[in-house]
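First chain written, first letter: the chains are A, B, C and D, and each begins at residue 1.
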């Protein structure tokens, strides 16, 4: 399993508060079946790299469906083959 | 078309020079058919979000095939629906 | 106050487990006086941009003191002037 | 010398085109005295970590002076002690 952090920033919204664009994205994450953890600067998910990239695609679609005209998506994946990686395991470091 | 920057950092390599792990990743990007530009802090590619995410998957496989035991992948995608985005267009800003 | 996420990745560490390089960095964050929250993919801190950048400098020094030969530091700052930003506030979104 | 990539994203700007907020930031970089290279997804600079962090502070001030109400700043620094790092050197990898 890989662990990844995902953040989306809609640009060109009328106001600096962008929660209404992010709510449908969170709904996609919540219903994805992947383990996830909301953090102050993004959402952390646990899954195979394929599952994580599929989730990024679904979040990208969701934010445009929510009315965004431009989005910056930031993703950072941590993956290793020598031992298991989990959200909980990474909290212990 | 979206524009994205991709960087991979293998961790736990014997020396701080990681070029031998990145060379096979660059070969994957070169032969992907996507427009790309090498930059000092990562490689920038142009394509649909689906094409970009498929490329990330292929790069992830390539770096482990090259012998990495752990990798951090950083991806930032810029996409907009109101006007076309290209690598050249973004150089003009 | 701004909120920022900070992650450091030492490269060339012989093994993929890098906790011994990060422990002194966490000690710097813990004793900085800034509010912070450990997250799976990095540590989130709250402070002025000046305080956050001073902390980055101290963490950079700490990881080299811990024996790292190369480090990639990733920092993302969110700051706004229209309303207060806090770690707790951002958890609610 | 360290090499770093810096990107600023103003949020809540009414339109998705944000060049007018970034132009004053580029002016700060151009007049900083640091070596720099404009790239499609951000600007790469070369300097000591202290110089780079000072530049981030100046860019942060510049984008708010340009009228932004909220900004996300993304910074990634690569630094090593075992051999010199330069913008040109990193282009060769």
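The rule is short, and it goes like this: a contact is a pair of C-beta atoms (placed from the backbone, for glycine too) under 8 Å apart; a residue touches a chain by one contact, two chains touch by 3 or more.
By chain, UniProt protein names: A, B, C, D = Thiamine-binding protein domain-containing protein.
The structure presented is a predicted model; accordingly, all values stated were derived computationally and were not measured.
Asks: Among the chains, which is located farthest from chain A on the basis of C-alpha centroids?
Replies: In terms of C-alpha centroids, the chain at the greatest distance from chain A is D.
Asks: What whole-number Å value describes the gap between the mean CA coordinates of chain A and chain C?
Replies: 20
Asks: What is the distance, in whole Å, between the centres of chain B and chain C, each centre taken as the mean of its C-alpha atoms?
Replies: 25
Asks: I need the residues of chain A touching at least two other chains; which ones are they?
Replies: Touching at least two other chains: 11-12, 16-17, 69-70, 72, 74, 76, 78, 80, 82.
Asks: Drawing the touching chains as a network, do you get a line, a ring, a star, a complete graph or other?
Replies: Topology of touching chains reads as complete, every chain touching all others.
Asks: For a test of understanding, state which residues of chain C touch chain B in their complex under the given definition.
Replies: For this pair, the touching residues of chain C are 9-18, 69-70, 72, 74.
Asks: Can you name the residues of chain A that touch chain B in the complex?
Replies: Result: residues 11-12, 49-50, 53, 56-57, 60, 64, 69-82 of chain A touch chain B.
Asks: In the complex of these two chains, what residues of chain A are touching chain C?
Replies: 3-5, 7, 16-17, 19, 22, 37-42, 44, 74, 76, 78, 80, 82-83, 87, 90-91, 93
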